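What follows is chain A paired twice: with chain B in the first complex and chain C in the second.
The block that comes next holds the complex of A and B.
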């Protein structure tokens, strides 16, 4: 476990020095902070739009960060050969991949945390009270980020940073829209084999929409605890499964 | 001596195209006993780095096997006892040497309380303790190389695999590292050294293996590799065309100088050459025997 942590720590230090991390975090925090300029709207609607915008910023910003950092970690190490002295130590390839994932996840978590803090301060300034559901929504945003980071890390074990970034982004888009779009296609498909292919894609793609608690936060909806537990388990299992596939791929790769 | 590292018909091939296969390492059989400095030589593209990659499980052999400490190289526990210096080592540029070594010490299983003192001691041994807290990005190539060497000895490994350890070092640095290697050998460490600097290999290695196009062409002590290839140098008065023609048939190396001629003669042909010189009444100025250097043997074997 200590070896995984050492890899994660080095990845965290490396990622936190990357320009893309600073620029994206600052940009998203700036968007959240400047959303208070929506004062042209009436107070009630304004707060809802503000929450909607801030949550979107957090979720999209977190996903972009996870893609940008997850796609470059392993390929850059292999390309620059910094991976050689590390893998010459008594660590397994699984420990290395898992360490890289955790390093990326913690870095993105720090970014999302900064955005959530700015969001929380803004809401407090308007409502003069703290909505504790914001913590739950942030937690599930982090879970979504973990899935995206795991997908990027797994693909990066076999592909270049550019291909990884593009493919992960497409998976992210598909994962956030699949219920409406793919679900409709499954319903409309007449052929059994075509429907089977759609169903396969539907189940293999991550369901990222389930981590989105934006509507509940905006409208103060009550979300059942069992649903939250199911989604948390789904996120953890999907992340573990994707990472396992990435580890299996990296175990065979020549570095 | 018990072999610490053994390869058995180790082979690695790469597909270059649809019908093109390149054999990087071809049925390599090596045996490295404990406590020796093993020189691994070969021209560029001979398969040295590919062999090292297979020994560290960075690449899997196409055929054959390799064992370190009697265990297959695929077993990560073998690397607990190995220190590795890659050719032109790279480390995260934002880290400082002491941080790099601390991470590697922890990965090697050093106790948390001993990590920093060990890291600093390794930097001291490689002569760069004053740069312990300078970011890697600010270090020269030679200093980064020394960080790499310090990284390889951290955790007190039993065996060191060093790929071009003196690359990028100035003569003082090279001497320092050569002394360090001999010091490590005295401590009982086994050193697997891949280098192009043959004088360095000759002065430090107990066993030398020469690789050519992936095949082992020579293996033994430096004396064995160069054995039987001494040359007798005969300096004579400047030769006239007639004896020169006669010597041509004996495949003697003839170098005409201003006043004299230098002949490089195979020891087995000395008597025949002397007979030719006697027939043509050539005066002999000097005769000496020169043993083939490792560099000459390398050029003979690998060219």
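The block that comes next holds the complex of A and C.
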């Protein structure tokens, strides 16, 4: 566990120096901060639009950060050969991959935390009270980010940064529209063996829409606790499985 | 420029995904929709089964190798 933490700490320091992290975090915080200007146009639903826009920023910004940082971590180490002295020490490849994932996740978590802080301050300025459901929504956004980071880390064990980023981004888009859009499309358009392949891909894709609690935050809807527990278990299980697949792939790879 | 365009299209597709939904059920809350719950449970079940199969498979392979090495 200490070795995993050491790798995670090094990855965190490495990622926090990357320009993409600073630029994306500043951009998203700026969009969240300036969303109050946009909502001036719509007096009646000002707060609803503000919450909607801020949550979208957090989810999209977090996912893009996870893809950008997760896709470059391992391939850059392999290319610059810094992976050799690390693996020459008593650190297994599984510990290395898991450490890389946690490093990426903590970095993105800091970014999403900054966005959530800006969002919380805005809500407090408007409502003069703190919406505690924001913490739950942020927690589930982080869980979504963990799934995306795990997918990016797993793919990056076998592919180049560009391919990893593109494939993970496609998986993110497909996972976000999985049940609502892809499901209906597959049901209508496919049949036979091709349909079987489509269905297989459909069931392998992560269901990222279930982490989206934007509607509940905007409309003050009550989300059942059992549902939240199921989603949390689903996120943890999916992340662990994808990471395990990535570890198995990296264990057999020549570096 | 292409990256910015791609990112804009991706963000729009994420934001407008509820509008592209098919059927009234999907347009409601996803925590009330049986499709979301069913898919989640199915995936967790498949992952657990795959993990169990992998553990049992590797255990059998190890046992066979051990027996072959013993001979």
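Please note the rule applied: the second predicted complex is superposed on the first by the 244 of 255 C-alpha atoms of A that agree within 3 Å, B and C clash if a C-alpha of one lies under 4 Å from a C-alpha of the other, contacts with A are read in each partner's own complex, and residues count from 1 in each chain.
Everything below uses one rule, namely that a contact is a pair of C-beta atoms (placed from the backbone, for glycine too) under 8 Å apart; a residue touches a chain by one contact, two chains touch by 3 or more.
It should be emphasised that the depicted structure is a prediction, and the values quoted were computed from it without experimental measurement.
Peer 1: On chain A, which partner touches more residues: chain B or chain C?
Peer 2: Touching more of chain A: C.
Peer 1: State whether A:17 touches chain B only (first), chain C only (second), both chains, or neither.
Peer 2: first
Peer 1: Have a look at where A:133 lands relative to chain B and chain C in the superposition and call it first, second, both or neither.
Peer 2: Touch status of A:133: no partner.
Peer 1: Examine A:6 and indicate which partner it touches, taking first as chain B and second as chain C; both and neither are also allowed.
Peer 2: So A:6 only meets chain B here.
Peer 1: After the superposition on A, what does A:87 contact: first (chain B), second (chain C), both or neither?
Peer 2: A:87 contacts chain B only, not chain C.
Peer 1: Just chain B (first), just chain C (second), both, or neither: which does A:181 touch?
Peer 2: second
Peer 1: Have a look at where A:255 lands relative to chain B and chain C in the superposition and call it first, second, both or neither.
Peer 2: First partner only, chain B.
Peer 1: Pick out the shared contact residues on chain A: the ones touching chain B in one complex and chain C in the other.
Peer 2: The answer is that chain A has no such residue.
Peer 1: Would you mind writing out the residues of chain A in touch with chain B in their complex?
Peer 2: Those residues of chain A that touch chain B are 2-3, 6, 9-10, 13-14, 17, 80-82, 84-92, 252, 254-255.
Peer 1: List the residues on chain C that touch chain A in their complex, please.
Peer 2: 7, 10-11, 13-15, 17-18, 20-23, 26, 29-31, 33, 35-37, 39-44, 46-48, 50-51
Peer 1: Quick check: in the complex, which residue numbers of chain B touch chain A?
Peer 2: Within the complex, chain B contacts chain A at residues 53, 56-60, 76-80, 82-86, 88-92, 94-95, 103-104, 106-109, 148, 151-152, 161.
Peer 1: Quick check: in the complex, which residue numbers of chain A touch chain C?
Peer 2: Contact set of chain A toward chain C: 56, 59-60, 64, 169, 173, 176-181, 183-185, 203, 206-207, 209-210, 212, 215-216, 221, 223-224, 227, 230-231, 233-234, 237-238, 241, 244.
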